[in-house]
Every structure is written in C-alpha cells, then in structure tokens.
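In what follows, chain A forms one complex with chain B and a second complex with chain C.
Up next, the complex of A and B:
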C-alpha cells in the first residue's frame, strides 16, 4: 500500500491494490515454511487465545465466588444465565444435560469472533474448516442422539403426522433435504458473515490510500466495525440457538 | 506496472472467486492444505474449553448462582419473619393501648361516681344542717317574737296600770291585765 501512496494519489482506483482475503491466510506463527497439521499457525494462536480468554472470564473472573458479583463475575454469570436459559427454554429440562457442550460452542465462537475484531488479528471462525467441524459435530451429535434416545421414532421427525396423508411423502423428502442442508447452512452462515465483514473492512481500508476518499473510508470502517461487533455476537447467538433447536428435535422428534 | 495491476484487478473482479481461488492466496478458506491444521487445533481448543467449563467454570458459577438464590430467599424469609413479628408487636401495642384506655376510662368513671356520691352525701348533709339551722332560727325568731310580745304586754300592763293610777283610778292589777290582753288580741 505504501508504494501506491508514494507513487502518487492521482492514480485511479484500478491502481489500488486490494487484498481483502490476505488476512485469512493460515500461516506458521513462528518462522516460515509449510503448514503441517501440528504447525503452530496464526489460527492455532488465536484459538489458544480464545481458550485463554474463556478461562480468564469464566474461571479467573469467578474465582472469588462472591455473593455480590464483581464486574467480571457478573459478565460470566450473565453468559452462564444466557445460555442456560436458552437451553432450558428450547430443549426443556432434559436438555440441560448438554448445557456444557452448548456453552462450549457459544463461548468458543463468541470469544473467537470478538478477538478477531482486534486489528491485525486472525479470526478462526471466518474459516470453513472451523465452522464445518463445529456444524458437523452438532449434526452428528444430534443425529446419533436422536436415534439413541428415540430409536426409529426419530424418523418421525420427517413424517409430518399433522399433514394430509397424500402430502406426507413429499413433505418427508423436503424435511429430509432440509435436515441434511442444516450443517451446510449452519457452518456457511457463521463463516460467511464473519469473513464478509472482515473483507469489507479491508476493502474500505484499501480505499483509504486515496487522500480524497480516506475520511469517508475511515468513517465507513468505523461504521462497519460497529456492525461487526453486533455480527460477532449475533452469529454466535444464532449458531448456539440453532444448535439448541436441533437438539430439541433430537430429544422430542414429534412435530 | 500500473497497467499490470489494472488488468489483474479487472480480471479478478470480472471472474471473482474462481480466479482468486486459482491463485495461491485466492480464498484462503478454500485452501484445503490448511484444514488439517485448523481442525487439529480447533478440536484441541474445544476440548480445552469443554474441560474448563465442565470441570471448573460451570459448577462454580452454578454454585454461586444457587447460593445467591438461597441467600436471597433466606433473607426474604427472614424479612417476612421480622415483618410478622413487627405486626404482632404492633397488635400487642394497640391492644395494650386499648386496654389502658379502657382502664383509664373505668378509673375516671369510678372516681367520678365516688366524687358524686361524696358530693351527694355532703349536699344532703349540708341540706339537713341547713334545714336544722333554719328550724332552729325560726324557733329562735318565734321565741324572740313571743318574748317581744310578752315584753310588750308586760310594758303595756305596767303602762296601763300606771296610767290608771295616774288618772286616779284604782285598778287592781288583774282587771288591767285582762283588759290589756283583750285589747291586744283585738
């Protein structure tokens, strides 16, 4: 970018270099070289930081166990209450058994999202590799759980008993397709939203190289950054609530 | 250089992701060479968070919340107890007040009755005394009056006898006195 600016601000737009996707590259954190499965990459570092953040918030923040909570403990309790209530409301009492699992998903996604908003950071949740694993884990867990808990009655999920008999086979096909599309939409929604926001910020940052446009560019970056804060939370929330909904289907397959 | 960039960007814009994905950096999300690495570290991170949450954080926070709930409900129960006690005390106080007031009224009534009876007795006594006194006085007056008449009579008899004697008449006392008596009656 620096070369472009020194070359002259008179250059037209096409002369600007946009690399909005460079920020998503997975590179070794220490030194150069290839990326093997065990390499400590930037992705690994930021996931580790997410673990550290979760630990700091939920363990260090609550270490005093005070009846009148401190600020950190208050936030931790808020997160706990938020997900606990969500699981209880959607899945019912028996869903609370899976509360730690759902809380893990939520805390990982929300901290990874927010850490990703730090400039020059890396956002693990912008990668399909991550979200696909998360979504597939939910999908497989829910499907296996559904069959274990309900046996073949779980297939009742696809057999809409309240619909007219003639429509049921058609609905069953639709239900089946929508069931298998779940992990796809579940994962692409999260990664897509996070990636798009970060890429758009980068594009606006690219425009900042033109002196005339740069104030507008800065304003736009600020605005989108605000939006991204919202998206970071909402996408974590959406992912979690959908997990709860799928879990409810596994526990109570009847429509 | 400038034209190079223009054509490169134009191409990228026109064909979008497809071209970029073909490039090495393209869309890093679709660079499957890094998937293994990310998945490995992701699973590690998730396991770490899961153990942190299920072993330490969640039981602790749940415990704190339950404890707080317990404390709050205990406090509320204690407050309700105190409230009941306060209202009991208030009722007792009110009752005591009512009793005291009734007692006071009774004492006042008693005192009033006593005073009234004393007063009545005193008035009766005074009346009797007054009646006795006035009877006595009347008697005295009557005596005085009678005494006065007797004196007047005596004086009149004496005067009449003297007058008769002075006029040269000889009058025995008995006649004069009879005459005076008859005159005085008349």
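Up next, the complex of A and C:
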C-alpha cells in the first residue's frame, strides 16, 4: 500500500478494523516467516485445492458412467458439453484438437473463483501473477501454433486484405498493437474483476461495524455476494471464450 | 501529504471504468432489443454478446490498471 492507515484514523472513521486489501496478502500457509520460492503459501494451497476439486468432480463424478446420472455426474457432463460446444462453435471441427487445454483452463479458473468465495479463503485468480501466467501461456501457445500451422501466412492476420491499400499499413500497426495487448487485457480482466468484487465485499463488511447502517451493510454484502457468484462464472467463461477466439485466429488467420 | 496528486489521478482514472460501463450497457441493451425482435436467433449469438462485452470492458480495465499503477507503483 502507498499509504498506511494509522490506528487514530481508523477510530475516527468508525471501526474499519481491517484494510479491504488485506485479504490478498500472500502468506506462508504453515507457520510464520518469509516467502521464498519453495514456501507453501496460501495461494499455492488454494490452487492445489482447486485442482483436487476439479479432479474429484470430473474423474470421480464420471467414474460410474451410469445411464441415469447422479448429481455429480450430470454437473461434470454439463461442464464438458458446455465447453465442447463452445470450442466447436467458435474454432470449428479442427479446433477440437485443443479442447483439453481449454477445458483445463475453464475448470481451473471457475473452481478457483468459486473456492475463493468461501469466507476466509484465498482467491488465487485475484492475483495478477496467476492470471498473467495463464494468459501468457495462451498467448505463446496461440502464436506458436499460428506460425506452425500457417507459416508466414499467419502474418496475414495483421495485413487486412479487405481494406483499401493506403489504409493497410496503418491498420497493420493497429492490429499489431492490439495483438500484443491481448495478454494484458486477457489477464487483467480476470484478476481485476475478481479482486474488485472481493474488495467491495470487505469494504461493506467494514461498514457493518457502524450501528446505524449495519442492517443495510449486511443486505449489501449478501447482494454483492450473489453478484460475485455470477461474476466468478462469467469471468471464467469470458477468459475461455477469448482463448477460443484467439485460437480461431491462429487456425484461420485469413479473416 | 505525499502521494496526494497520485490519488487524485487514480480517482480520475476511475472515470474510465464508468465510461466502460456505458459501453457494456450499450452492447447488452442492443443485444436485448435485437433478441426481443427475433428471440429464435438470440441463443446463437450469446457468445458474440460476451465477446463484445469483453472488448468493451477491456478499455475500462486499462483505466483500472492506470489507477492501480498510480496507487501502488508511483
């Protein structure tokens, strides 16, 4: 933080005893001490939990393969069908080869988001460090795939053939900039939305200490919590769908 | 006090988030008015709707990024 709220200032405001951004602090999960690269932090633990939860849902849920699915199996089948249809609709049949990667991305992000909504938990997707890695992986995959599949024809993505010739160099620069901005917006959209939502919940939780507005504050927390459940899903969906769009650009750069 | 101007700048950058909200509302509103005219065609276009919303939102996110940089990096 750029500014440190002193205890005196907190008293005057009426009892905001914690800072809304405190919840995003990366701390060692076991014991105290510094954070080194090998330290098991709360971020690492909740990411591992997300992976375990995805494994439990998809592998254990579908292990029985019953004709009449149990609740767990039908959720797993719904998720599979949802992403499968999305990849097929946007990337076409040849995009289905990359379906496992996109399914992995979606399931990890949506599970990490939902686990982060449990009170007193930690949301790994609220950290730029996590989402930037996810977005850079997509960016590198798509760029390398584009050159491997199309060779130099992939550069046709930047050379808009349908535009007038005089405009094409200018458009090429704009397209080039927008191409390299992709990982930035891709990652910050996810982390920004998740972080802002969690911070807003904590801000309203701080208002709950003031007696006059505490009923209003509790109602507001409930409403925003409901909104956050929606946002968690929609942001995972948007991340996945943009991955599909970028993949489509790599497979068919001509348009 | 130090850092005051940076805070004012961060507040000004938050205007960008509000403008992005107008853009997102524009996309969603136009989708809805189109969808009510031809509901049968609407379900096939939800992916386009979300892509449009994501692109409109991206610029608001850049404003948010500027605010973050002013708050924590300046």
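Here is the rule we use: the second predicted complex is superposed on the first by the 238 of 255 C-alpha atoms of A that agree within 3 Å, B and C clash if a C-alpha of one lies under 4 Å from a C-alpha of the other, contacts with A are read in each partner's own complex, and residues count from 1 in each chain.
Just so we're on the same page, a residue touches a chain if its C-beta (ideal position, glycine included) is under 8 Å from a C-beta of that chain, and two chains touch if they have at least 3 such contacts.
Everything quoted here is computed from the prediction, not taken from an experiment.
Judged by the touch definition given at the top, the superposed model places A:113 against neither chain B nor chain C. In the superposition on chain A, contact is made by A:86 with chain C only, not with chain B. After overlaying the two complexes on the shared chain, residue contacts for A:101 are found with chain B alone; chain C is out of touch. Legend: residue contacts after superposition of the two complexes on their common chain; A:243 is shown touching neither chain B nor chain C. Legend: residue contacts after superposition of the two complexes on their common chain; A:130 is shown touching chain B, with no touch to chain C.
Chain A is touched at more residues by one of its partners, and among chain B and chain C that partner is B. By the touch criterion defined above, A:185 reaches chain C but does not reach chain B. Within the superposed three-chain model, A:217 lies out of touch with both chain B and chain C [touch as defined at top]. Considering their complex, residues 1-3, 86, 89-90, 184-185, 188-189, 192, 196, 234, 237-238, 241-242, 245 of chain A touch chain C.
Contact residues on chain B toward chain A in their complex (touch as defined above): 2, 5-6, 9-10, 20, 25-31, 33-46, 48-50, 52-54, 56-58, 60-65, 67-68, 71.
By the touch criterion stated above, chain A contacts chain B in their complex at residues 11, 14-19, 21-22, 24-26, 35-39, 41, 43-44, 47-48, 50-51, 54-55, 58-59, 62, 65-67, 69, 73, 76-77, 80-81, 99-101, 103-105, 107-108, 124, 126-130, 133-134, 191, 195.
The part of chain C that touches chain A in the complex is made up of residues 3, 6, 47, 50-51, 53-54, 57-58, 61-62, 64-65, 71-72, 74.
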